[in-house]
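Both of the next two complexes hold subunit A, though its partner changes from subunit B to subunit C.
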Partner chain A sequence: MSSTGTGIRPPPQVIGAARSPVMASAFAARTKVLPILELALLIAASIAPLVLRDYITVYATRVLILCLFALSFDLVWGYAGILSLGQSLFFGMAGYAVALLSRDFGVGSIFAVLPAGSLIGFIAALLLAGFLLLGRHPSSVVFVSLGTMTGAYAADRLARGSHYLGGQNGIPSIPPMTIGSHEMSEGPGFYYLVLAILVLIYLLSRFLLRSQFGLALAGLRENEQRIAFFGYKVQHLKAIIFAISGAIAGTAGSLYAFHEGFVWTNMLGVVMSTQVVLYVLFGGSGTLIGAVIGTAIVEGLSFWLSDNYRDIWPIILGVLLLLVIMFRPLGLISLVLGERERVGHFGPGVKEKRNAAP
Partner chain B sequence: MDTLLIATFEILSFGAIVVLVVLGLGIIASMMGIFNFAQGEFVLLGAYVTYLVHSVGLPVPLGMLAAPVAVGTLGFVLEKLVVRRFYAAPIVAMLGTYALGLIIREAVRGLTGGLYLSVPEPISGSITIGNLHFATWRGVIVIITLLVMAASHALLAYTSFGLRVRASLENPQLARASGISTGLIYSITFAFGAALAGLAGALIVPVFSLFADLGIRFLIQGFVAVMVGGVGSFAGPVAGASVIGTFSAWLPWLMSPVIADVLVFVLAIIFIKLRPQGLVSGRGVNR
Partner chain C sequence: MPLLEAVGISKVFGKLTALDGAALTVGEREFHGLIGPNGSGKSTLMKCLAGALVPTRGKVTFINTDVTSLTPPERARAGMSLKFQITAVLPTLTLYDNILLALQAQSSLLDLAFSRSRGRLHEEVMTMLLQFRLADRAFDAAATLSHGQQQWLEIAMALACRPRLLLLDEPTGGMSLEERRVTGELLQPIKQHCSLVIVEHDLDFIRDICDRLTVLDQGKVLASGTVAEIQANRSVQEIYLRRA
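Entry: the complex of A and B
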């Protein structure tokens, strides 16, 4: 594994950043694209149910939940350079767990099931990260991706074989989620609930990535060895972000389970894991909004195209993905977003401090 | 005693299948440093070519000869067009080849209509020794695997082409300076790995029948085997494949197949964690 042991970088590093002062000032002078994009999408998402027909709103709710899931993958791949090919493990595990809570214990309150789902995702991710990342030998990226993929595959197989979990068919007809005495059924209400959760988690992630912790992560992504020389425990940082992403995936999984009303093995397995990789690569890893845009575009396209071109749609998707990877390694977002803004700046104080230093 | 012999034969023949599938993957990973996620789909494509030849009424062995040629050619073209761009970034290579695999898999799914299609064994029947019966075709797979393994090893270890491949692996700059066209060598190596996968697909399609997800079944197994064996040598992936193949065939005799399937992978991952360099560490063909 000598060629992949060290010096592996996610795509963001392959492209050299525009670092010269001239370029930097030119970018700083330009209007920021990212906040405008985020705001525009938020407005579009908020008014969507008012103009869309009901069945499309239901579909849009599902897309929002998948956006949340994509966000969790973007955190680990786009920001920490961990290629998790088993992200659906946390998504599906939380989904199955809340389905069981609801089926066997009659617990359906949103204040119980969402925290439970997140906690399960968090713990599962923490354990897996502890095993895969920590230890005497630093793990290669290939090993971590293989390990996560195996985790998802194993969970899929076990769920398929388990009578308690419903085998091939999964767990059908989960009772609806409740807030107080109100039952959440699919429709605009559920849509706005998911949107609120998505915005909240988006903002929290944004805050996290712009904090000192995010700064260390950015350093990790740019040059892992140098960050290690500075005394950061690189593998611990990775494990923490992995666990956080697991919690987000768990939240998404529990929402998904209640929205669809059933859980089945594909939620756990390789199918869902690769789906989320598609979303994030498509939209652009390394920006939070890229994950959202990617999910919306891929799911939107598949909604319109799969009706008319059901057979060739997966092939088109594969070709599009290949083209994006080959020619736009930073995803579609890089069409409108400059390199400098993508990397971002960290806190208002950083610039002054840097200038003050001799 | 009889069951033991039957079990041994089953384990041997399944181990041979895994070795055959993994060999191409291992050669590409070891010689070029990228993990080819489309390898499972090359296996699928080999199976499909065999089915295609069979369905137009030509004899099955002809399809089995055509499969490695067709898949190898495709591998050559894909390397030139796509894979070539990814050598600098092994992780992007995984994603890119994954996209390739997705395209091939979905294309085959469209072509087969999502059905399970069967191809008859070219040599059917069984060999009877005493009161034991062995499926002849599985025996043939074992023999062909051994031949292919020996031929691949000889090609890489003893021919001047093998020397060039190893030189390009060891030090691409120096190889280029010595007048070796490393680009061409990489193309041929990739095509060779793809052809081996195609051959594997052709040989196993009578056993497993043809369906679109045939490749995925072997992909994870192949990766785990390569990592267990160790990347960088010829013997590594073969050793890893033998171990994984043996366990995959042996454990279901002891416990339920689902648990056995999962257990093999979990044990393998733990092994790789404890010994990242794999069973056979080091580079080169003879080591």
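Entry: the complex of A and C
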């Protein structure tokens, strides 16, 4: 997993030098693959419930929520190079919190529970960042990944042992989320709600990542020490993106809790954290669309494989994942997206380049 | 009052004493060369100045402030900039983005998130690229540059932080003769606003651009003075003869 482009410790000279010429020739600078891909996926996702059977729409809703979760992981790992192996902590914490809000306080309005879920994810991530990222000197990747993983593991164990949180069984039959007097139940309505939230958060993330802040993150990922010498407060940058990612994971967790109708300890633990790493690795970290595609394909494949190869499907899926990571360390997205477009650029260079090169 | 003053700097790594009470004084707009045989402690002293290493003993004062225990980012914000011995450009980013990244380091987070300083910095980015003869490559990935060009880009990035003092660790390492000559030319205009401490093996290069030299040998200062004084210094001649 320490291969190129996964963000752990990319040997950068190699990536740029070896890949870009090949990619550049395959996809000349004029081809803009990314916007086309994004638009195509949006259209596909918009019409899906119209053509899919209801039970698949329900499954697809869950996948969209997981896409949102994957997005949160991609932000910290693919963009800022923070290997958070405890991303489920924010996902599950928010899930549990909104479940309790709904069960014990009768608060189910979407305008209360979603902001509450995001806020809880945000604060939890900020607190964890305070421990793991905000020292005077930058903390190592291993320290951060073990620290986040321990956080998730501890939360899982705590929830299992807590009677109030339902122990092993979690919190079943959460009262549904409401918009006004309308109760959201699974189906196309919930699907479009999640899709709208996903698109909104996707666009906000996209805006942020293409800003000069995104450039600072790219610097962080490529060579943290170097940009510290420029005078960047790298620890602050990391804490900020970590907290934003926590808020997104929290939003996803709240949606997940209401969509499934129950929360249980796995949502908090390392299983979920690992799963999200696989989604992003598979699709391609460092592109938002890669996280979405990875989630959709891994979940879609699991769905189909488990139907057709009841006993051995996890093995098939595992082998497929390994193959992609071995031969496409930058994820499936690298099949269609060149290096230049994947990394993106931040200066106002595009237009000028077009003018310069006819 | 000198811009930078390092006094009694010692650095011990386990049993190895890399620096033993070294001292260095750099004035405003002064190009100061650090020379000495391999293992004399030049790079270690440089790292102590930049904050990459904390000296075991001694004190570094920069613009009347004790910076001995400040981290590199804190020193950078105080006006010190460092170019690494090994090039550390960001290879997958374009040259333009590399420079912009350095220039925008002083912008506030809000400015960054809404890209508010991008327009203002555009001219500066292009000027720096022109100045360092890299403008035609502005939108190529930094990894595609030749070694010498990467060194120039890196000097440009170090300068983009608008430092009062620039620390250059072997800027001409691995460069051709022609590239060395150009590097010297590129560095000259900096003198109007910036001092320079430079570690370099190429003595001709150092003699051409520096005002003053400090010679280190086995972690101690052997001699310090103007280029002419150092050239006339007997003990300096000896260590270089010994080496040759």
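Assume the second predicted complex is superposed on the first by the 318 of 358 C-alpha atoms of A that agree within 3 Å, B and C clash if a C-alpha of one lies under 4 Å from a C-alpha of the other, contacts with A are read in each partner's own complex, and residues count from 1 in each chain.
Definition applied: a residue touches a chain if its C-beta (ideal position, glycine included) is under 8 Å from a C-beta of that chain, and two chains touch if they have at least 3 such contacts.
Keep in mind the model is a prediction, meaning the values are calculated, not measured.
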| item | value |
| --- | --- |
| Which superposed partner A:L83 touches (first subunit B, second subunit C, both, neither) | first |
| Touching partner for A:H137 - first (subunit B), second (subunit C), both, neither | both |
| Partner chain in contact with A:G231 - subunit B first, subunit C second, else both or neither | second |
| Which superposed partner A:R157 touches (first subunit B, second subunit C, both, neither) | first |
| Partner chain in contact with A:S211 - subunit B first, subunit C second, else both or neither | second |
| Partner chain(s) touched by A:I240 [first = subunit B, second = subunit C, both, neither] | second |
| Touched partner set for A:L305, first subunit B, second subunit C, both or neither | neither |
| First, second, both or neither for A:G219, with subunit B first and subunit C second | second |
| Subunit B/subunit C common contact set on subunit A | 137 |
| Contact set on subunit C toward subunit A in their complex | 50, 71-73, 76-77, 81-82, 84, 88, 90-94, 96-97, 100-102, 104-107, 109, 111-115, 117-119, 122, 125, 138-139, 141-144, 157, 161 |
| Complex interface listing, subunit A residues touching subunit B | 1-4, 8-11, 14, 83, 131-132, 135, 137, 139-143, 145-147, 149-150, 153-154, 157-158, 160-161, 270, 274, 277, 281, 311-312, 314-315, 317-319, 321-322, 325-326, 329 |
| Touch list for subunit B against partner subunit A, complex | 33, 35, 82, 85, 88-92, 94-96, 98-100, 102-103, 106-107, 109-110, 216, 220, 223-224, 227, 231-232, 256, 258-259, 261-262, 265-266, 268-269, 272-273, 276-277, 283 |
| Contact footprint of subunit C on subunit A as seen in their complex | 12-13, 15-17, 20, 136-137, 208, 211-213, 215-216, 218-219, 222-223, 225-234, 236, 240, 339-340, 343, 345-349, 352-353 |
